[in-house]
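Just so it is clear, A, B, C and D label the chains in written order, and each chain counts residues from 1 on its own.
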């Protein structure tokens, strides 16, 4: 809930969360079928493209609706840069790629409230979602390029894995401009999330052996400064209780 | 000890820790001999495969035993996802690879209690164990693949090293689907652990020159906020002691 | 403001900030036009080189001016190592590359005060600036080298991206000594900044789901030690208020 | 000073610090001359090898001396694993490489006390030292190998840079077993140190714009929890002062 002062936007978002999740997932499923089952020249490709444009319309309606309801419209736009792509997409060249960013971002908004408090699961779902969409997108734009090294969906998934972990063997890499834009998005968006996942795994790992963080791993366990401080404050409180219950010096009893 | 409310599972685990470590290590040794000394078509390979299946049976018995003893069975399964592979493995395709994950996970459980408090050693043993198993597994599945670049065990070890540090030269990389699954496991599991090892080395390194963390490295040494706070609370305590021992204003003495 | 005890340098810097930003940007624009539109043998290249030398003179005047005004000159030089390149550049071999470092460093100084408090924006501008300059520089020195793999500006940008994220596919890499110096600067300077950007994205990401840091991500949400401490101190204060308002034991009312 | 309870070892170390630094640097200089100016079959190579063995003897004497003076000898060995290589080196195969590790480790010990408090400088010296030695060592073992890609010292330095930053283009990589051991040492030792350098640069960078850490970078500046707590404790102290100076309720004045 980023706009505590935007009650109408929040009300709209609460009501559209479930339908938008379904519409967003539908977009991804149709896109996946289109990329994996057809090629750009098939009639089936064109048919599914029409379906994608219709689904896209729902997102435009949702964004325009929220913008109309927002009291401070410029701040709303500034806080939802990815959602803006919904409207702006047709004016850019890399249309399809930008639409994917907007869809993933919408799904992230919806999932966010669902996973509140279960960050581990949210991170894994997010990184899987981004990785899956990046693999689909890079496969779509690379497969027919001359000298392309990513020519099957399996290879696209493998490429996503080597990229998102920053291993980067270089046995597979995009050669088209569109593919490199996908790579840029994956690197900038996905690496940060995977870094968080990695940090979380490392934290969990250290927990298994009873150390709270990496810096503690090589230290003797002794109390932390904050623990010392809490002990100090508790002693202070006990001291005051003692002052209170004990009869005052010189007072008659 | 993840189940303080599962006394029977804990009792079982206490009794089976030592035998399971031995059985797990035996599995790894037999697997290493099988992969390093034989090929899939040798009779020796088949003989050792029988031995591995028998050892495997011990793990199945251990998991089923713990599951039977558990009071809340679904939560037990949810908390031991890798152990579940013990039973589920035969139903999956990448059987051998999944069995290795389960064996490494079992060893990790056993070693964990052993190394409690000595995190540095535990991390080094874990990362070595994961690296060694990954090298064996990738060597097994890659060596006979056409266009494979990992064709000796030494090259598999070198590949593990370049992958786990995320350097990823790309002079060696898996080309088979199974090999890429091994790589995915190594990347996701091992990088987090090596990241922890690296953080621990960096911490130790900074300790050598008398700085407590990286952010302190470029700062003048001055007291931290928490140190200031401790001083403040101590002064408060002294103030109250003074209030107490001094005769009260206007009180007869 | 690094020299609170250098009032004259600060006064100079306040007055020259705006003109220096314009001059620095002009240098970069002219350099970009020169590299992207001409080649080393064109007459246009030579004409723009003269322009660059004139602009360069402004930086020399600025540095000499600040040095003259500084009271402690050696400390001033020690604190502005990159600015020193302004004067020292002609005596080094990799003249143009060093000048770029000095220009970027000057722009960073100017932008710094402008973005105070908006670190996210500052980081993005910095990383874009460093990346853009590195792409221009590597393109300039690599494009005519035999066996070069970076032969267009687009490929230079792609190389910057794979380098700064440490993915390093190795499909594009510098082969000249100058190009490798650019790479060294990009790796050492840019990776640190991008690391900070990544950490910031990860922080923002965790904020979206209501967790404050990665280590919290897998924990139940319970209060932190500091929160416990605050509660403890507040209770202490309430206790003292109670002591004060309640009539003293045994005192007449 | 790791052995506060080893007064004789400390006394020895205080006296031998300066001579050992000189001897260690001499070893590195002679090794660099040998590798850069000669080849394994030259008579000059053999002559410098004799010099290196003599210098090596000094390190053996130093280690044996410290071991003799130590009261708890096994703990001493456990805390100086790299120094042990001094004595153990002749019994291992990768003799020269292990000697280099021992020499670098000795220099690190000596430099450590010198740089106490100036961590930034110490890190830069350490990473340069490790990088330089790794480049020399990998150049020595790779240059005559068939299919080697590291065939000049400049390429070895470039390889060190791409490895230590984990970029790993893969245009240069070691192909011999010895070279891969050098790479393993560089990865495990150097990456941790460079990671610390990077963290320090990022910290410095954030300091320039007035933010104290990455997580603060995207937050509004508000007071931290600890600052709130300090304010709370100060208010508490003022409250008690007030209690003390004000005449007690009902007390005669």
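We take it that a residue touches a chain if its C-beta (ideal position, glycine included) is under 8 Å from a C-beta of that chain, and two chains touch if they have at least 3 such contacts.
Protein identities per chain, from UniProt: A, B, C, D = Ion channel.
Predicted, not measured: the structure shown is a model, and the values here were computed from it.
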Listed pair (A-B, B-C or A-D) duplicating the A-C contact set, over half by residue number: A-B
Copy-to-copy rotation for chain A and chain B - C-alpha atoms, rounded to a multiple of 5°: 90
Most widely separated chain from chain D, with each centre as the mean of CA atoms: A
Proportion of interface numbers common to chain C and chain D (over half same, under half different): different
Chain centre separation (chain B, chain D; CA means) in Å: 26
Centroid spacing, where centroids are CA-atom means, of chain A and chain D in whole angstrom: 37
Residue list for chain C, restricted to those that touch at least two other chains: 166-170, 199, 226, 229, 233, 236, 240, 243, 248, 251
Of all residues in chain C, those that touch chain B in their complex: 166, 168-170
Contact set on chain C toward chain D in their complex: 108, 112, 115-117, 119-120, 122-123, 126, 163, 166-170, 173, 175, 177, 180, 183-184, 187-189, 191-193, 195-196, 199-200, 203-204, 207, 212-213, 224, 226-227, 229-230, 233-234, 236-237, 240-241, 243-244, 247-248, 251-253
Residues of chain B that touch chain D when the two form their complex: 154, 158, 161-162, 165-171, 198-199, 201-202, 205-206, 208-211, 214-218, 221, 225-226, 228-229, 232-233, 235-236, 239-240, 243, 248-251
